[in-house]
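Every chain is named by a letter (A, B and C) in the order it is written, and numbering of its residues begins at 1.
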Amino acid sequence: MSAIRCRLPFLVIFLEGILLVLIALFVTYDEHSDAAAQSNETDHKHNQLYAIFPVFQDVQVMIFVGFGLLMGFLKKYGYGGIAFNFLIAVFSVQWALLVQGWFYHFHHGHIHIGVYNLLTAETACATVMISFGAVLGKTSPVQILILSLLEVPIFTATEWIIMELLKIKDVGGSITIHLFACYFGLSVTTVLYRPGLKGGHKDEGADYNSDKLAMLGTLLLWVFWPSFNSVFASSGHGQHRAVLHTYIGLSSCTLTTFAISSLLDKRGKINIAHIQNAALAGGVAVGSAADMMVTPAGAFTLGCIASVLCTVGFKYLTPFLAKRLKIQDVCGINNLHGIPGFVGAIAGIVTILLAADESYGHGLYDTFPERVPKEGDRKLAELVRLLPQLKPGGGRSAWDQAQYQAAAIGVCLGIAVLGGTVTGFILKLPFLAQPKDEYCFNDDPYFEVPEVEEKEEFEFTNKSNANNNQRLKLPV
Amino acid sequence: MSAIRCRLPFLVIFLEGILLVLIALFVTYDEHSDAAAQSNETDHKHNQLYAIFPVFQDVQVMIFVGFGLLMGFLKKYGYGGIAFNFLIAVFSVQWALLVQGWFYHFHHGHIHIGVYNLLTAETACATVMISFGAVLGKTSPVQILILSLLEVPIFTATEWIIMELLKIKDVGGSITIHLFACYFGLSVTTVLYRPGLKGGHKDEGADYNSDKLAMLGTLLLWVFWPSFNSVFASSGHGQHRAVLHTYIGLSSCTLTTFAISSLLDKRGKINIAHIQNAALAGGVAVGSAADMMVTPAGAFTLGCIASVLCTVGFKYLTPFLAKRLKIQDVCGINNLHGIPGFVGAIAGIVTILLAADESYGHGLYDTFPERVPKEGDRKLAELVRLLPQLKPGGGRSAWDQAQYQAAAIGVCLGIAVLGGTVTGFILKLPFLAQPKDEYCFNDDPYFEVPEVEEKEEFEFTNKSNANNNQRLKLPV
Amino acid sequence: MSAIRCRLPFLVIFLEGILLVLIALFVTYDEHSDAAAQSNETDHKHNQLYAIFPVFQDVQVMIFVGFGLLMGFLKKYGYGGIAFNFLIAVFSVQWALLVQGWFYHFHHGHIHIGVYNLLTAETACATVMISFGAVLGKTSPVQILILSLLEVPIFTATEWIIMELLKIKDVGGSITIHLFACYFGLSVTTVLYRPGLKGGHKDEGADYNSDKLAMLGTLLLWVFWPSFNSVFASSGHGQHRAVLHTYIGLSSCTLTTFAISSLLDKRGKINIAHIQNAALAGGVAVGSAADMMVTPAGAFTLGCIASVLCTVGFKYLTPFLAKRLKIQDVCGINNLHGIPGFVGAIAGIVTILLAADESYGHGLYDTFPERVPKEGDRKLAELVRLLPQLKPGGGRSAWDQAQYQAAAIGVCLGIAVLGGTVTGFILKLPFLAQPKDEYCFNDDPYFEVPEVEEKEEFEFTNKSNANNNQRLKLPV
């Protein structure tokens, strides 16, 4: 594996050099973090930090701990799952700070950053991690760093088109994050198809302890998902509904998963991997409609639908895709992010069309800024008398908004598949140290794994000692 | 186990159908989550969400992660402990949203909900989980779902009587949550007595890794317990004291536990199970008095008392109850919730009687709303001049309040034992798939457990491979 | 080990007795937690609790969960690492409440406490835990309790001198916490040198599962480190920058660690222990300058430098110190806290000297209160016209401030080495039950370890059963 030795360090050092130069050239403080931006009127209690920091920390736990443990479910790839998730997360956040900065926060030649930028950078980061799930254990750290390097700007551009041009509603990212990340990742893994793994791989599975740790990851993601779905909703009732709907969706989804997983097994046994994944599908499915008046029953229903499709997907669709369509989806991201992403995207459109404007009252324009009449429209003048702080919008009807949402799905899928395919071919470049089939799903090529030391130790210790060791170690 | 197959899924689907119908019929948004309830004067920064969300998330971590890992301490029932805790948590929260809604938030035929309702629902949820601890590993998922279905309304009714009629002080739930849940659970397990487990069971124990994960659960519960004890205290100094007292009580309790656990062992060895449980007893013991002027030294003392009783309980009382009284208490909830619950309940009464009104100053009426003079009382008029925002109360003396607290303990125990006994007999109904003794404390009947796959794999791989496998897996 | 039996419980009970007496004699509520301190004007929403509680909880997770899991990395000392960390944490917090109270919050014969005191107590607690890392597994619980008993007051006195007399800037504690704790701990372990461990110890290592749990500890510390570095910065832009710089420093540090760790291994394999530790070095290195205008690129650079030095330190310096200088540093605190502490201390000085006053604008005096002109100085009068709320300071120049920072490093190291050495000799006292070499890094002397029960069980179960047991347990 000297391949790794020469490649990973130099790629990382190279990437860091670039990051440092770009940060030094472009990045400066925003008005909330810049000491010089404070006037003698500034009330420090109202610094933006305090409005977003607690939720930011929740999302941090999801990205670094929740995703990390969930990625560490493989019995012999636990270090890789947890540590490489960590690796691409820190790289993606820094890279996204720059790329998103150029798109959204570039003024007079500088990117102005504060904690809000770290928060948005984590959406890019989450996108990379979801895609990573498709190729977990089949790719070298060099490959996944390149994956991050390419996916972050493609994601940011796509999000910019969808949010700035099409101006759609997607607070939970069902479309911009989950659909994009899933089909980008599936395209990558399709290009990286390994015939040698067609019959499965002896290490492609969990053991009792890795499964419990992965379950812990799921629980952390589950608990903090309402923070993730609400953080980008409009403050007040918008965020309140986003939390409520996400929680209800996740609950009904989790409950359903136990039923379906047991129902799909001939002995009625629950597959813990279904719980680990499908219990989260509800969070994806309520993403787009999270802050709309989807009603509690609506959120409940979305959770149930997402769970059924996700669990059935794990049982039948993933093996089918692997065998027939040569799509080897290690973590089953199509089931957790793809299908529920579609459910969420469609739910958003349906909610826009079915929820009467009356049900929103004055809150309509907080929730749908594009529904506000255009500059100069007579209706705007009337509204402003009622809601003085109202800003002119796009004068869209519900039907207009629904069409833009639909268009966004198409744009998102198109770019994801195209971008993922190109990325996949780049990852095949020989010097990226793609591991041989027999080395897949194993930490050994990348990490010093304790067992090895054990073995050496055995040679030096006398047998009784070894036995003693062994007996004591058995249940460890 | 085809019993499971036909029963669990259909029960879950049936329960979900009912939940969906009831939610669709009854549940709507409250003024904080309803877009239509917003006026042009609404300041979104003051939405109730922001006042409770961070603490709500802390409680979420306790319920789903802390309890889950602690329930997963059995060496072969890790999936069951963690996943079934998850199962009953999501069901109980949704069911409690409805039941508590009918009791507390029912207006014009609708239950109005926001994040506050999710928070109160979690108290019902915690109650179910505590009771679950008594029958952990001895009951099928079907049984524990029925347990939740029955305990949530019985708990809610009891709490309503105690809080709305007797109007007692119990911010940390020493009485309403811990005493109730404990004696409800012990009554259930007494009815479900298994003579076959009299001599113990080979799987009723932890291994090195399950103990470390359970310890992690304890640490999370420990860290967030101050949030749990303070969230229902009056805002300001009341919540501040609740945090302080809970923290001090937990600290002294933890320290004491190390001493007592070592002292009780002939070789002076510490029992990690004592640390996992008794370290939390202090949080239960300061529950009722958490926001009163119990003094830091008082909180410290409560922690010490709770720890001693809890640890001694694990060492001597639990085996005694199992042998003599046929009460098989798997997690020892009587030691962690029952006895410390009594300590907390009595501490509340003692504090009410001993803490002079002067020590509360103006804060007296924030802490004891029932101490405010009755409507029309001359004293009220005088007080209102000082504290304009004061509302009429029950005109209770400290002695009156103490008597109501004592009455609440009786009511709580009576309903808990009666309700638990009835529930126990219902759980014995043959079609609830109660596992045979030999299947207790084992995931195998309910989950696909990796080991099984391992075995199959061995058959297909050549011996050298298997050995290789084995050697590599040893310390895993 | 009856030594433990008689010593640990009695020491703990003795310490608790003293704590209780002192708390009863001295500790009372502060104005935020005292009911009697509330006037009818008090706005409960502005109780100090709400400003610090969320960040306090983040720090709680670091201290109890993050540190605990990281200390549990040894394969046979998992209970000890996690539980003894818990033991000294609860003792140190209570002891620090008193000691810091006497130094900082002592009025009219009473120590006035609120949640803020718990927060500051945790800095003392963190200091003890860092030092504990140097002697992990080589000391009895009796010894580490004595260590805590001695280190807390020495730390508090040192911090008082540095903060109250020298008035330096060190929001993240690079000097007061990390440098002090490291050299105190190294001095202790030097005095406790064990020739018998010169050749290493068969149990001084991790296994696959303990490493994954330690990695989880690292991730939690990583995620919440920005809270730790920002909580003592001035509110508003100061805390905002502290979060931003810490996050950037941690990210660049983590990325670098993957490169260096791989580069230092002949096969290019990553050492997971490097990731567990060096990924955090950036948090230490930005500590002193965290709230200064160090610039994002500056924070990025500090992270890289800290990572390189820390990783190289683990690879070459730690073995060297153990062999040549008889400094056996079990957790390598010199690499994670010592060297990065120096980087942070120097970075603070450099930033003070290089960052122009203009770059701070009006924020200069929030960040450097000592830079405000002295009482009576004409400049002060002018400034007060601009910034009415400004309080007189020390009239220091940047150069003055830099010199005070340098002096603080010296003071800190001097007291740490002296105090640590004395503490070390006290810990050598025979009745403190220091474990024999062969018992090091093993839970067996202190805890009932499941394996033992297993063994007994084997005797009672028939062979087939035992095998069956064994086969099922293998991958556990």
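Note that in this section a contact is a pair of C-beta atoms (placed from the backbone, for glycine too) under 8 Å apart; a residue touches a chain by one contact, two chains touch by 3 or more.
In this text, all values refer to a predicted model and were calculated from it rather than measured experimentally.
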| item | value |
| --- | --- |
| Rigid-body rotation angle, subunit C and subunit A, from Cα fit (steps of 5°) | 120 |
| Copies subunit B and subunit C touch via same or different residues, half shared test | different |
| Subunit B-subunit C separation of Cα centroids, rounded to whole Å | 32 |
| Residues of subunit C touching at least two other chains | 54, 75, 207-209, 450-451, 473-476 |
| Residue numbers on subunit B that touch subunit A, as the complex places them | 1-6, 8-10, 12-13, 15-16, 19-20, 23-24, 27-29, 32-40, 42, 44-45, 47-49, 53-54, 57, 60-61, 64-65, 68-69, 72, 75, 78-79, 82-83, 86-87, 90-91, 93-94, 113-115, 118, 141, 207-210, 213, 445-451, 453-454, 457, 461, 465, 469, 471-476 |
| Residue ranges of subunit C in contact with subunit A within the complex | 54, 58, 75-76, 202, 205-209, 211-212, 215-216, 219-220, 222-224, 227, 234-241, 243-244, 247-248, 250-252, 254-256, 258-260, 262-263, 265-272, 275, 279, 293, 295-297, 300-301, 304, 358-364, 366-367, 386-388, 450-451, 454-455, 470, 473-476 |
